[in-house]
Every structure is written in structure tokens, then in C-alpha cells.
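First the structure, which I've put down as C-alpha cells, then a few questions once you've had a look.
When the chains are written out, they are named A, B, C and D in that same order, and each has its own residue count from 1.
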Amino acid sequence: MTQLHGVVPPVCTPLTPERELDVPSLERLAAFLVDAGVHGLFVTGSTGEVAYLTDETRYRALDVVAGVAAGQVPVLAGIIDTTTTRVVEHAKAAKAAGADALVATAPFYAPTDPVEFPGHFRAIRAAVDLPLVAYDIPVSVGHKLPADVVLELAGDGTFAALKDSSGDLDGLRAVLDSTDDLVCFSGSETLADLGLFIGAHGLVPGIGNVDPHGYLRLYDAARRGDWAEAKTEQARLRRLFEIIHVGDGRMGRYSSAMGAFKEGLVARGVITGGTTSAPMIPLNDTERAAVRRHLAEAGLL
Amino acid sequence: MTQLHGVVPPVCTPLTPERELDVPSLERLAAFLVDAGVHGLFVTGSTGEVAYLTDETRYRALDVVAGVAAGQVPVLAGIIDTTTTRVVEHAKAAKAAGADALVATAPFYAPTDPVEFPGHFRAIRAAVDLPLVAYDIPVSVGHKLPADVVLELAGDGTFAALKDSSGDLDGLRAVLDSTDDLVCFSGSETLADLGLFIGAHGLVPGIGNVDPHGYLRLYDAARRGDWAEAKTEQARLRRLFEIIHVGDGRMGRYSSAMGAFKEGLVARGVITGGTTSAPMIPLNDTERAAVRRHLAEAGLL
Amino acid sequence: MTQLHGVVPPVCTPLTPERELDVPSLERLAAFLVDAGVHGLFVTGSTGEVAYLTDETRYRALDVVAGVAAGQVPVLAGIIDTTTTRVVEHAKAAKAAGADALVATAPFYAPTDPVEFPGHFRAIRAAVDLPLVAYDIPVSVGHKLPADVVLELAGDGTFAALKDSSGDLDGLRAVLDSTDDLVCFSGSETLADLGLFIGAHGLVPGIGNVDPHGYLRLYDAARRGDWAEAKTEQARLRRLFEIIHVGDGRMGRYSSAMGAFKEGLVARGVITGGTTSAPMIPLNDTERAAVRRHLAEAGLL
Amino acid sequence: MTQLHGVVPPVCTPLTPERELDVPSLERLAAFLVDAGVHGLFVTGSTGEVAYLTDETRYRALDVVAGVAAGQVPVLAGIIDTTTTRVVEHAKAAKAAGADALVATAPFYAPTDPVEFPGHFRAIRAAVDLPLVAYDIPVSVGHKLPADVVLELAGDGTFAALKDSSGDLDGLRAVLDSTDDLVCFSGSETLADLGLFIGAHGLVPGIGNVDPHGYLRLYDAARRGDWAEAKTEQARLRRLFEIIHVGDGRMGRYSSAMGAFKEGLVARGVITGGTTSAPMIPLNDTERAAVRRHLAEAGLL
């Protein structure tokens, strides 16, 4: 697993106006990211609208990205579903579609106790022989993945890595201080420098779709211990990240963020259209113009 | 929709020791409930372990139950998934497998705002021409279905019914007081009498798998205004419901409850084995004996 | 404690425009409630703005109400503060000011564990020899008072009664089913009939300040088993309770509710002015007019 | 307010075995901290058990510490109570007892909306002419102090400083990025280096009672940009902070933490006894020995 590290954007899933997968756009996006120098691609993550995609679209998207990556960088696949048996099905399909590693959450919807998490993850790991990444995302799953469960499953080889989208830097620090067996990624766009400061090995920033070069500069600065430069770059990216609020008051925050990321990619000429999945509310002209204004201010247009 | 009312148990999904669907057991369970006099059958609900079943098992279970029901009582199918497109796929498959009505939640996992719920439910209703039942289950979905959304979608014909598993009797009362266009079911096992007292039209009690006759007596007493009798029956059923705690301290509450319901059905000779889905922890001998003790005390053995 | 039962309104605390205690108004309010036939008076509760009053004002209000009650009905005093030592000080002062019983919550602000609750309540009971009422109000305290703690402290004589403002009828039912040693009050304005239906011995409705006769009719109907009449009265009171929303969107819900209760009392000629404590936002003319419209519709003007 | 910055420990409140204020111990503790070089003393904060102290004990403790400080370092006083009028009383008493600045939270217990917070804080600031520090401690207050409220009240001169005990570094960063008018303190013991990294001007670490020199080294390293040294010191302090868990499983976390801090001060010869306030559960011999073991490992004995 030496190759899992660095900037690994959770790749957006471009859609046609009819909400079908826009394959040429996805190919251009994957190529844009690889050309920028990212260290991996995370397909069918939250930013990839995984919870909105049919199984068919999920694996088609993964297949497309794996084709572009062509072994240059590892391709991680989110295998997001409610419980073990359903996740195992996704794991098998993702391996068949070209995934190099799998990213799974604790069970959700079904009320599940932490005492049942090890059985869940071990069954996934046993079913498909690919590195397994623990995905800690309480905002979606409804509970935090406890540090002791993460450490137990890192210790026995179930987990190769952790993607922490919990916002709990204290908890992430506890994990980092307790093991050398786990590659840790921060999922934060706005505290990425702090994640690296405390020892995280990589970043999975949603807005890294729009500005991969920024996160690569931040990552490189951190790697050489230039924290002043890392902070400066983070400050610029924090301002850019404000685009997620363009739809505030008229839609949910996820509609606004996904719409903004995609519109940003349209503005940069990477993908063709900004369509998001149902039931997300699309951005209107005013909101799209606000996205472009932010990008211009960030020097991206 | 005049037929939607009364006691509609969320049917358990019996599994073989290998965790395959146990078709003969499911047939016997469906027949047991129909013979008891229930007014409908709710397949692939939470108590049916829907979140643990592959799509294939979901529709096979639905097909089996629809075959037993054979038009005697309506069969409701839970079409439980994260967002619109995925739920619409389930809706189509459920109709093909014989469902008479569909039961859908608001989106989950994907952070979604109430302003986006109407679009979600209207798209489902538009895609498949079957009565749509709103499923309000905050413990699984992560947020309550707001009364104003329910009323808006009852008013325009999107929702035919509401299954309330929120535990919020004040909210349910607000809905009942505001519309005559919606059939309302209480999902509570222990406050079923209160649900009927405030005007609910039916019950969806998980432990109604084990003791359908008890809930039918409760329902009938309430219908004729015999609240003393309804309360007495409810008190007996509350004591029986304590079986959900047999595994407390050793497993999650869902493992314990599902294991107890199934063991109760084994004890009553309805299904063959008490296997539950991964990653649920199975009951041990002590816990199974406790289930049987509770059933004996409730006069069910 | 045989006298603790029935309708026990949490008495509002009328203030002058300078936010001093309006003693004549408080005397008229207490007399209005006693004349209506209430079974007790609860002073310095949440509806009495206890958390907004200086100690001096708290005990002055209690002294005034005890003077009006003059032994005709028991006077309960809220002794609301963060932890044991502070609450004990209030307990002593409240006894001196004429309280017949004391109402205390679990500790708040200071993070406290249920294992520490028994010591808290026992110390209060030991310090002052008056019946102690457990006050379960999670919205203010931050956690629910667990049923097992309530039952343990009812069993050893620490608690004489429980005021349940948790909204958790299932939990209240568990307590009622488990002991005959505890007088239970429901703090709900809108599910008061359900509280009595499951066996509660009394009601503490905030809007009972404005319409004590309504809650007395509801209580009497329930006592004689006339549930249809209880429900009808509850329905009328639910509509009246909508006055708590007159300030929605312009202030917090507590500002709106307290302002509405007080304006209702002004409209009925009981108190002189509707001033509420800082930092609550006062109702404006439109909102006050809306309160009066609701009262007229409820037949109270 | 140029003097508000740096390491400002929230001073513990030593008690005699009879739970009276132990004045000589408090004098020694204040002197120990001043001699160590701290930049201020925060009296009657959460670590000072403010929510457990009578008013009399609060002001006596403040008076004692102000006497020791004698103008060498500023003394901040927590004026912690439920709502405006009560807090204003504390503000006046704290000024009289020698406070140089006041630390206040948003209202608690009484459900209050953010729209009502500005009125609350402005009334406090208007009543007593001392610098006012906003105290953001959601775990106690029940809600976060929103960044826009903090910024509004910093902008109009109501707030001189912010003590952030929310754990939300993203929110703190948003405040720091938006104003130069506010002195910001981090209340975290374990992410103190991150707080300083993002620009906070000082620290209020509870365990800084036990090891002020460690936090001073951390602070000085951060001030000169030596982040490697800051991290190393933080790592040592994180291990020391594990003493807060010595009572886990037998008491609440606050009982355990307060008991451990005080036992640490006893072990270091600063105070006489480790008594904590009711209803906290005292440490037993095993737990006290564990505290000393941690201190020895941290090189403090």
C-alpha cells in the first residue's frame, strides 16, 4: 500500500442534462486531475454523488476513471451501502470494474452498534482481496467510527487506510499517535493543513476537483515543513470553498455544494454541464455567476 | 385506498443458516398472519431487515408474500434506498413482484434538506402508479419528515398514507388534525393504543409478527371505543415487547430485537430458524431461553 | 402527599415595564387560578421564567403566591440551579418563603453523569424536609432523567412526585407501570389527555395560566373515563396553544410563548402588562393582536 | 486590552474536606501559576467548578486570586449563570471582587435563540465597564455561539475576546480570518498547538493548573514559529491529559477530570487536598495512584 498517500480528489460524476453519465466529461475530468499530478483518484465517494447513482452508473463511472488512470495512479472506489451483504456485492463489482482499493463506511440506516462494526468490515475484507479504507463520515452514517475500532482493525490488517471526514481532529490525532499501520487521509477542505500538521498522509478534498493544483501546493509545502506556505495556500482555498454557499437559503447545502463544484468545472472548461442528481435542486443563473466570480477571485479563470 | 387500514405487520424475513431466504418459513409466516386476520402485510420494512437484504432477496421475499396474500389483503413493499433514482428502481421492481402499495422514506446518507423532499416523493409517485406511503423513521433516516411536507404531499395526492415510526405523537396528531386525505399508521409497539386514541387508522407493530392476535384485539377494542380493554391488551403487549432487550449489553439493540422476534416465531412453530443478517450478532442459548420465557408469560406457548 | 394531583399550572411571573415583579398582577393571577379550581400552584417553574429571575425576585414571587394560596392548595416551588450546593440554598429559601413542595432538575451546565444523579437528589431531600418533585425537562437540562434513576429514588422516598416535560410518553408509561409510590404529572399542553390516559395523576400546563377552566374540564372528563370529552377539550386547547407561534421567525420560541401567555392574561384582564425578562424579545402589536384573535376563537374573550 | 493573551489557566478551586473554600491552597495555586509565568488567571471557569459554587464562594475565590495576582497579571472572572439579569448581578459582584475582565456564555437552561444573544451580551457590557470575553462552550450551554454573532459583537466593541471551548477549529478559523478586533483563546488541552497555528492569541488549558510550564513552552515555541517543538510539547501534554480518564466507568467524565486535576496538584505539593464539589464522585486510592503514575511519566514528580 506504499502508493496510498497524497492528494486523492473524490472525483465528481458529470451528468448529461438527462442525468445520464457524461462519459467524455468524466474522462476529461480524470485526465485533468492526473495531469495536475494527483496521487490517486477516489471514485463514487460522497462528492461523486454515490448515494444518488444506480449501481450501473457507479460501475460505469469507475470503469471510465480506471481506464484513464491506466495504472498511473491508484483508483479507490466507494462501496457505499447500508449493510454487509450489500456492501460485499459492491466490493465484488468494484474490483471487476478496476478498483485498486475499496472505501467502506460502517452500516447505516439499520441501527447498528460499534460492537458489530468489526464483523462488518472483516466480512468485506475477507470477501474481496483489495486494500480496504475505512470511511468515517458521521454526517452521513449517523455515528462516528470509534478510534478503538479503527485501531483494532488496523492492527489485524483489515484496514489499510482511513479517510476521516468527521471533522474531529482530536480523534484523528489519537489514531495517528497510536499506530504506524494505517495511512490516514483528511477529508477536510478547510483544515487540510491541520490534518497534515498532525501527521495525516494525504487529503481527499471535494473542491480538489476544481483546484487540484492548490491542494498539491498545500501538500508539497507541508511535506517539506513549510507551514507558512501551507497556511497561505489553505487560506486561498478556504476562500474558494465559499462557493459551496451560493445556493444557501434556496436549497440544501449538498445541492449547493455539488452544483458549485460542477459549475466550477464547467467554468474551467473541464466538463460540459453542471447537472446534479435528483432530488438536488439545480443552481440558477445568479448562483452560477457567483461561482464564476469566486473562481475568478481565486485566479482560476 | 379504502383497504389500507388496521393491523399491518412488518413481515420478518426468515433466513436459512446460510443466510439465504427461507422460502417455506416465509410462506408459513405470511399464512400465519393472514389467518390471524391482519389487514395487510408490509414486506421489506425495517423489521424485514430490508437494509440487510440484496435486491434479489428483497424481491423474492415480496414475490413469496404476494403469492400467499393472493389478493386477500394488500401487500405493501418497502422501497428503501438512499435517493430518488435508486428508490425509483426499487419501486418498479416491487410493482413487478406484486406490491399493492409502496413505502418510501426521505433520502438518507446523502445530506438532504426538507425543501428537496417534495421533488423526491413526487418523482417516485410519478414513476410507478401505486399508492405511495410516506415512511417517517428518523432513527434510520436521520431527520424527521416535517408535518408540513407530509400535508403538502397528502394534499396533492402524492401520499396515500403515512407510516409514523418517529415516536412523535404530537406531530402525528398535528397531521391527523389537519387532513382527512391521509391514512395514518402508527409504527409503535408500545403506544399503539395512544396512536389509535388520537385517530390513527392502523398499526405496523414489529412484534405483531409474533403476536398478531394481540394487536388485532387491541385494534378492535379501540375501534369500538373500549379504551379500557385496549389499554389492558397494550399492557400485555408491552411486557411481551421486553424480549427486545434479551441481548442488551452484548450486541446492538437491533440485533437483539430482530433475534428475539425470529426466535419468538421459532418458538411458536411458525418459522424454522432464527438466523439474522450480517453483521448482526446472533442470540445465544441463554438469550433464546429468555425469549421463550417471555412468550410463556404472555400466554403464547 | 395525597394532596399532590390534578391541574397545577406553572404560574407566570408578571413584570412591570421596568422588569420588576408586578405584585398586584401576580396576586390577581394566583387568585384567578385558585378561583378556577386548580389543585395546586407551581411557582418559579420554566413558565414562571425562573431562569430569568434573580434570587430575590424568585422568593418574593413565591411569598406572594403562598400568601394568596393560604393553604387552600399546595404551592410547589421550582428550585432550579446548576448543581447540588446551589440547589440546596434555593431549597432552604423556598421553604422559608412558604413552599409546600420543591421541584428540582438534574444538574445542568456542569456535565454530569446519571450515576451522579442519586447523590444530587438525595442531598437536596436530606437538606430540607419537604416533598421533592423530580423535574424531567431535557430541553433545558440537556439530558433525560432515566427511568431507572426515577424509580430508584421513588423507591427510597427521595422523590414524592415526577413532573415529566420530556415528551417521552413511552418513558412515562414505563415509570407509571413500575411503581405506585410516585405521583406523576405530565407537563404537556397538547398531549395532556394522553398523559392522563396512561395513568398520570395530574397536569402542569403552561397555557393553563390563560385557560385553567379548560384543563380542569379535560382533567375531570379523564377522571370519570369520558375520553371522548377529554379529547374534545384537548382539541380546543391544542388550537389555543397555537398562540405560542405568534412571534415565529422574529424571535426564539420561548420569547414567543412567554409573550403570548402573558398577553393572553392581559387580554383576559388578569394581569396588567405583558413584559417578559431580558433577553427575550417583546411581542409587537401585530403579534399581540394575533394572540387576542386566538383567544377570541377559543371563546376566552 | 493589550495584556489579554498567552497562557491563562482556568484556576482550580481547592476545597477543604468539608467542601469549604481552602484559601491557603488557592493562594499557593495562584502563586504557583504566576511564578511559572502565566499571562493571566481565569477564576470561576468550568475547571474552577463555577457551576458548583455558591455565589459567596465564587467571589471569595476571586478575591483571593486577585490578591495574589496583585496586578502582575490580569484576572478574568467567569460570570456564569442562566440569563441576563442573573449574569449582570455576577458581573457587578465580580468587578467589586477585583476582576480585570469578565467571561460570559450565552443563556442556558432557558431555551434562547441566537437572535436574542446580542441583546444578552450588550446588556452585560453596558452594565459593567470591564472587558467582556465571549465564552463558547456548547457542551455546557447546549448550543454553539455562531460566528456571525461573535463577529457582530466584536465589531461594535461588546466583546474584547473569545474563549473557544467548542472544539470547532473550522469555526474558530472563520472568526480569526474575519477580524483583527478580537483576542481569541483556545480552550483545548490537546489541540492547543493547532489553535495557535491558526492564529489564536492564547490558551486556557484546564490541565495547565498541573503543568503550566508545559503550556508556556508550547506557547513560546509557537510564538517563534518552531512548530516541531510545539508539536513535541503538545504530544507530551496529550499523554499527561490522559489522567482525566482515571475514573472512567465509575463516574462521569467531569468528576474524573476535576478529581484528577486536583489530585495532580496535591501530588505536586501545590494544594492540600483533592476534594471536589457535590454531586461529583471522589477518586478512590487506585485512581489517585493512577494520576500520580501519569505525572511521574510526564516528569512532573
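Here is the rule we go by: contacts are C-beta pairs under 8 Å (C-beta built on N, C-alpha and C of every residue); 3 or more make two chains touch, one makes a residue touch a chain.
Bear in mind the structure is a predicted one, so any value in this text is a computation, not a measurement.
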item: Touching both chain B and chain C (chains); value: none
item: Chain A onto chain D, rotation angle from CA fit, given as a multiple of 5 degrees; value: 180
item: Residue-number overlap at the chain A/chain B interface, same or different (half cut); value: same
item: Centroid distance [mean C-alpha coordinates] between chain D and chain C, Å; value: 35
item: Centre distance in Å when chain A and chain C are each reduced to the mean of their C-alpha atoms; value: 50
item: Residues of chain A touching at least two other chains; value: none
item: Chain B-touching residues of chain A, taken from the complex the two chains share; value: 19, 46, 49, 51-54, 80, 82-86, 89, 107-113, 115-117, 119-120, 123, 139-142, 250-255, 277-281
item: Residue ranges of chain B in contact with chain C within the complex; value: 167-170, 173, 177, 188, 190-191, 193-194, 197-198, 225, 227-228, 231, 235, 238
